[in-house]
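Chain lettering (A, B, C, D, E, F, G, H, I and J) follows the sequence in which the chains are written, and residue indices restart at 1 in each chain.
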């Protein structure tokens, strides 16, 4: 089941640089693992912003929330989720 | 080059049903042709809405505008475009 | 799987009263059938507005979209969907 | 009498982790007590966000405010309330 | 129990003047009856707008919805409701 | 002359608890004095929020601003003012 | 007493040109009369829009509403009012 | 003096096709004349939308309004204007 | 050339009181000098808010920006500018 | 390929003045180098705001993101990007 996820990252200036760097490294590792597992199907940078649009392929709302809330940068992200359905004009299944 | 495109369809009640049906059939045909050509890479229905999120893979801003403005339902859609760049944590190229 | 659905109904003044009445009767019948089937778990009126908040219990995004887009008043509703997950402090499963 | 309540939690990074943990534990205990008493009828997580949608069943506006403003995380939540009425198409009373 | 109600009136230009006048006369009569009954406690014009802020004193959400949805201009109004509670600094009960 | 005033209180977490308590006590005293004087005609809590809707009865814009800007919590409030006029359907003068 | 008034004019395409012209002529005459009487102190065009910002000098909220609601284009305008007070740094009284 | 101008075109479906075509042709002719005169310095299409961003170089606010309000599509456009000043890091004068 | 300028002042609680007082005193002095010079034609307090609406009369966009960005409170203000043109119904030139 | 870029700069008061000055100097140097290289085609100050509108001429979305995200003030800017296409009424190519 697919979900479009919009993530805006806002790390406040009061977070120490080392902590921020560690969080980002952990975030990258988890993002790449989830991509390899097929859960995080697409990951695109929004041009000009510290933000991304992603597509997740998970069993449902619960698995989606577990994955997103476990991201190291979750406390510093503004996330919005759009559930996606099969489009009748799409030539491929979701 | 990738673009996320959000399309909301609003056909006013004053449009005759036959005209609306013809526009929708033409829209579907064009959408499927562009998908087969690889220009309209993804097409997803927003669950619960007469709207879609799509990803286009085109040469640039001009080709994107030509494709979108040629859609039969273009006069009845509210469209917004987000240019996408390669994300440093993505495991595949855009 | 649960979804909170917000529906605002806006039937334009140009729709004939008989057609509007027929649509509303069909809508009511379908809403009550879906409630009896357990798909439309809750249906609440927003006090003071021609709108409702509902909770649907369906297999996923696709079934949700099929149900909502088949509603007789769908063309006259502004709908927004919020996917719901299990809350860790809830004493009952979703 | 039912109310839909939307709560977004935003604990600033300047709050010490121990204090935040204590507040969350107290919040959970109170939420579960109110659920057992039937005042907090539903509690759902918004998928992907540190937020919930809830339904309260209370005597009226005053009791609702007393319950919400007594929550340990109240100072860190953005709350909005929607009063709910009986829907004419609902098959069960509120 | 008190509710602040904001009503914006938007009668489209396509409504015949006679019908609009009749609706407004009925609206006025019902508004004055409800005021005399004590249900519609305050009725103020928003300066410069075809809108009002009102305070209703009713048994609860259901009675509020019944009164508002029965107003002759209800189909032409955008209404929003704010439930009010006793303020701890108020010198009089609600 | 009447004004509807919406006040949202946001005291940042960096304000010491003693200072916040003192400000709130002063605010309450001034609010009650102004109510007794008839300037602050109504004071209602917005259910579920640290906010109020109030009605002031003052000589005009200048007196309103003097009263509001002298409130102890003024630096921590987001205030919006709506000037109210006599409604033609009101059965009592403002 | 001064008020800043923002007026956006939106005459729908369904209004006949002659009626629109007559309304505009009446509007202009009334606007100029009120300016000569000193009630409508300033009248500025918003560059690039069919809109204006104005300053009214009237006895209070009631007179302001009477003047604005009597404008011939009132049914086709979106109006918002900001009450103005004496600024402590102004070198002239309002 | 430079101004950034955002124009969104919304021609309602009730306008006859011939009238719309004539308006668009007149608009194009005027736009090209103003470009040749150096008043309309830049004209860009917003990709995916019936909208443009333009830069005008005119004597001031009055000339800008005269040019924009004389455009044939002015009644069908939503226009917003941003006045531009010399940027201290720009290597060329405006 | 006239501009309507809306300024909202937000001095964070972390700014020391002495520094804030000095900034406000400097701001007042500069505001009064500019008023005496005729550049800052009007200065009104928004009733109930730490904000003002002002009208500037300057040579153009560049002079306006120089004046506003030189204000001592500029770093703590949210400013928006509306360019004003001569209104055809105004009885006096701008 | 052209993009309109809107940048709002918000440097928090907690950043030391020396660091802010160094960031601004670096930003200016990079902005001027990119202008000389033809990548940053236009740079305009928004009158009255610490913000700019710019036009970039780059190979595509990826180059745009690389340039913007490398700006020294990037962490303190709110950026939004609008992709621009050739306008059919423009007399010059983009």
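Operating definition for what follows: a residue touches a chain if its C-beta (ideal position, glycine included) is under 8 Å from a C-beta of that chain, and two chains touch if they have at least 3 such contacts.
These numbers come from a predicted model, not from an experiment.
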item	value
Matching chain pair for D-E (criterion: over half of the contact pairs shared, by residue number), options H-I, C-D or D-F	H-I
Whole-Å gap separating chain A and chain F, where each centre is the average of the chain's CA atoms	43
Computed distance of Cα centres, chain C from chain A, in Å	28
Contacts with 2+ other chains: residues of chain E	2-3, 14, 45, 47-48, 61-62, 64-65, 81, 83-86, 94
Listing of all chain pairs that touch each other, if any do	A-B, A-C, A-D, A-J, B-C, B-H, B-J, C-D, C-E, D-E, D-F, E-F, E-G, F-G, F-I, G-H, G-I, H-I, H-J, I-J
Interfacial residue positions of chain C with respect to chain A in the complex	1-3, 60-62, 64-66, 81, 83-86, 94
Footprint of chain C on chain D - complex, ascending	2, 4, 27-28, 31-32, 35-36, 42-48, 52-53, 55, 82-92, 94
For the chain I and chain F complex, residues of the former touching the latter	13-14, 45, 47-50
Partner chain D, residues of chain A touching it in the complex	3, 5, 12, 14-15, 61-62, 64-65, 68-69, 74-75, 79-81
